[in-house]
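Below you'll find the structures, each written out as structure tokens.
One chain, chain A, links the two complexes that follow: it is found with chain B in the first and with chain C in the second.
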Partner chain A sequence: MTIECKEISKNYGNTKALNKVSITFEDRKIYGLLGRNGAGKTTLLKIISGMIPQYKGKVVFNSLELVRGAMPGDVFFVEDKIRHFNKPASELFEIAERFYPEWDCEFTETAIKAFDLDVTRPVRKLSLGMKTMISTIIALSCGSDAIIFDEPVLTYDPLVRERFYELLLYAYDKKPRTIIISTHLVDEVSKLCERIVILEKGRIRMDLSLEEINTKAYTMLGPAGDIEEAITGLNVINSEVHGNYKLATIFDKKQKDISPNISVEQISLQKLFIHLVGADKHE
Partner chain B sequence: MAKTPLVLTLLFVGANLINQIIMLNIDGVDSGMVSTGNIFILYAILIALFIPLSYFRRLISLGIKKKIFFRGTTLTYIITAVILAIINIIIYYIETAIVGDRPFLYMNILNVFNWFQHGVIGCFLYQFTFYILLMNFINLLAISNDGLGGWIISAVAVTIISVSTPIKPLRNAFAAFLQALLFNPNLFLQILYTIILTTIMAYATRYFIRRKSL
Partner chain C sequence: MRGVYEEDEAIISTTQLSRMLKINPTTAVKAVGQLADEGLIYKKKGLGMFVSQGAAEKIRKKKSRLFYEVSVKAFLEEARKLGITAEEIIEIIRRSAEYDY
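== the complex of A and B ==
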């Protein structure tokens, strides 16, 4: 499912949560949506899911515009704040299954085992992480063409997080679909996502494939003079001076003729994110 | 079936049954007895509060869409209205047989509103339309309570009741309105009025559901 957001704006009082955001989430791709707290990630995801009906702009699913106030049938949204009926998980799966004709029972069983989830205990007796597991299993089992996760791993321990990523890829292999994951665990999602979108203060700061990011984001370390010469005309997003040496973080095309005194290294997505949206950026 | 509204209703039904047993075993008491069937109407009120205020958000978490929720709610209210109407008729016959010609007052809305005037089928239809109207009204107030529009509807409802009660001409008009809706001698007209009002409320409910931010 292709999801197009056209000029989406949303205000909360005088605060602009989203400011003319235009972005296309392509069919059958996994997206990582990054941004600082208050960047507008949840608002954007909720608008796409039809959970926030008051906004400006358009949301289009496979060329069909979302009717204001309606919730798109083939989009499943997993919130960070989950409220479930106080029933055992097995019953909740049964309830949800009735509404989704393409429900994948085999996947549900696999996910229950992978998460080691006790499906007989009522929700009230489960931890927050386990409640999130229930929503995650429903989302990945229901057969929706698009799944949106808002901070899905916030309540998971590292082991469960790894299992979540494995299950997500397993579900994607079984049925490729559009998946959007909003998270602060930047480096962890970089293993899953094909494209990374960064929101900053209600605007799209970056929308690139991981491949593009890997070729464009790097550091150069070397004598300050050589570095100054090498970075001329490049988009420098951070620089630090250590004695006679200078470390510059670049977000631009790689230079071919670089002095042998300069070492070039790729940077992690997290570092790139910090430098792009951090307070002390230099462009 | 919604568990919490059902448990609460059954508690009240149980208490009423105990009261009835005591009443039936104490002769000459100058008091009244409320039909247990009427107590079941509490379920209609509770379910119309619980579904929008408590279950709506939980159903959305399970991936149920607003449109499905609206349809499901409508169907639930129809089934509930049918069951309540049947329960009240059955209990009415049981209770009137037990009470016989004992001296105390037996109170049942089926008698109060004269809903048996068109026979058992008429009584069923009177009740059905009333329960549907009641549940839709409560549902509308509950679903719209988080927005300005909802507050306006609630304020208008309160104003109509409070203003029309002390002023005689308004009181008469309000009484005529209630009579047309609740104990209209013309069954067909009552059904027609109820359908019109319920449809308006259903559209308003759908509007508020669509506008609801989650």
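== the complex of A and C ==
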């Protein structure tokens, strides 16, 4: 399912949570949504999921506009909270299975095993991580055309996170669909994604394929004079001077024929993210 | 190079690759596409990708070229910065090689 956001704005009092955000999440692609605390990630995801009815702009699913106050049936929103539920998870899954015609039982079984989840204990008695597993399993089993994960791995230990990544890719392979994952674990989650979107202060800062990011983000380290010459005309997002040396972080095409005194290194998405959205505090 | 696959042997599918490395399936498809573009693997319709004849030799040639152009150059550059002469380098290499083998 293609999800189109057209000029979405949302204010909380005097705070502009989202400021004319226009973005298209293409059908059957996995997106990583990054941004600092308060950048507007959750607000955007909740608007798409129909959980915030008051906003300016439009949300369009496959050319069908979201009606304000309605919950889009094909979009599943997962957050790290799940309501108290006095029944065991097995019963919750049975109810969900009856509710969703395209429910994938085989996947549910695989996921319960992979997460090593006790489905016999009442859900309210489970740990926060286990509750997140339950909503994640429902999201990936229910067959919806779009799944939105708001910080899906926050409550997971590193082993469970790995299991989650495997399950997500398994579910995606069984049924490709639009998936949006917001996270602060930039490098870990970005490997799963085809495109990365960065929100900054309620606006889209970047929307690029992972491939493009990997070829465009790099650092150059060398004598200040050589660096100055090499970075002319390039988009420099950060530079640090250490003695006679200069370290420049570039987000642009690679420069040919640079001085042999300069060493070029690729940087991680996390580093790029920090330089892109953290630039203001240095100035 | 390590002999994991023989020539004309099938390699793992992009789906398996994606799940093994926990990477986006499109990334896996692109990576395999690059190997195919370099002629290291070829496609058999409906059966998947197979290792080309002479693939290991091709990689060896490419890596040898990179070894000279990248590793050796960087090594000599570092030596020059440290003020190590060509004679000394030759001596160091000879001694290290004797010790290792």
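Couple of notes before you dig in:
By definition in this document, the second predicted complex is superposed on the first by the 277 of 283 C-alpha atoms of A that agree within 3 Å, B and C clash if a C-alpha of one lies under 4 Å from a C-alpha of the other, contacts with A are read in each partner's own complex, and residues count from 1 in each chain.
Methods note: a contact is a pair of C-beta atoms (placed from the backbone, for glycine too) under 8 Å apart; a residue touches a chain by one contact, two chains touch by 3 or more.
Note that the structure is a prediction, hence the values are computed from the model and not measured.
In the superposition on chain A, contact is made by A:71 with chain B only, not with chain C. Look at A:30: by the touch rule set out above, it reaches chain C but stays clear of chain B. In the superposition on chain A, A:185 makes contact with neither chain B nor chain C. With both structures placed on the common chain, the touch criterion links A:173 to chain C but leaves chain B unconnected. By the document's definition of touching, of the two partners only chain B reaches A:142; chain C does not.
In the overlay built on the shared chain, the residue A:85 is in contact with chain B alone; chain C does not reach it.
Measured by the number of chain A residues touched, the leading partner among chain B and chain C is B.
In the superposition on chain A, contact of A:54 is made with chain B only, not with chain C. When the two complexes are superposed on chain A, none of the residues of chain A touches both chain B and chain C. Chain B meets chain A in the complex at residues 55, 57-58, 60-68, 209-214.
On the side of chain C, the complex with chain A involves touching residues 15, 18-19, 21-27, 30, 77. Those residues of chain A whose C-beta lies close enough to touch chain B in the complex are 46, 50-54, 68-71, 73, 76, 79, 82-85, 92, 95-96, 99-100, 135, 138-139, 142, 144.
Listing the residues of chain A that touch chain C in their complex gives 29-30, 162, 165-166, 169-170, 172-173, 191-194, 210-211, 260.
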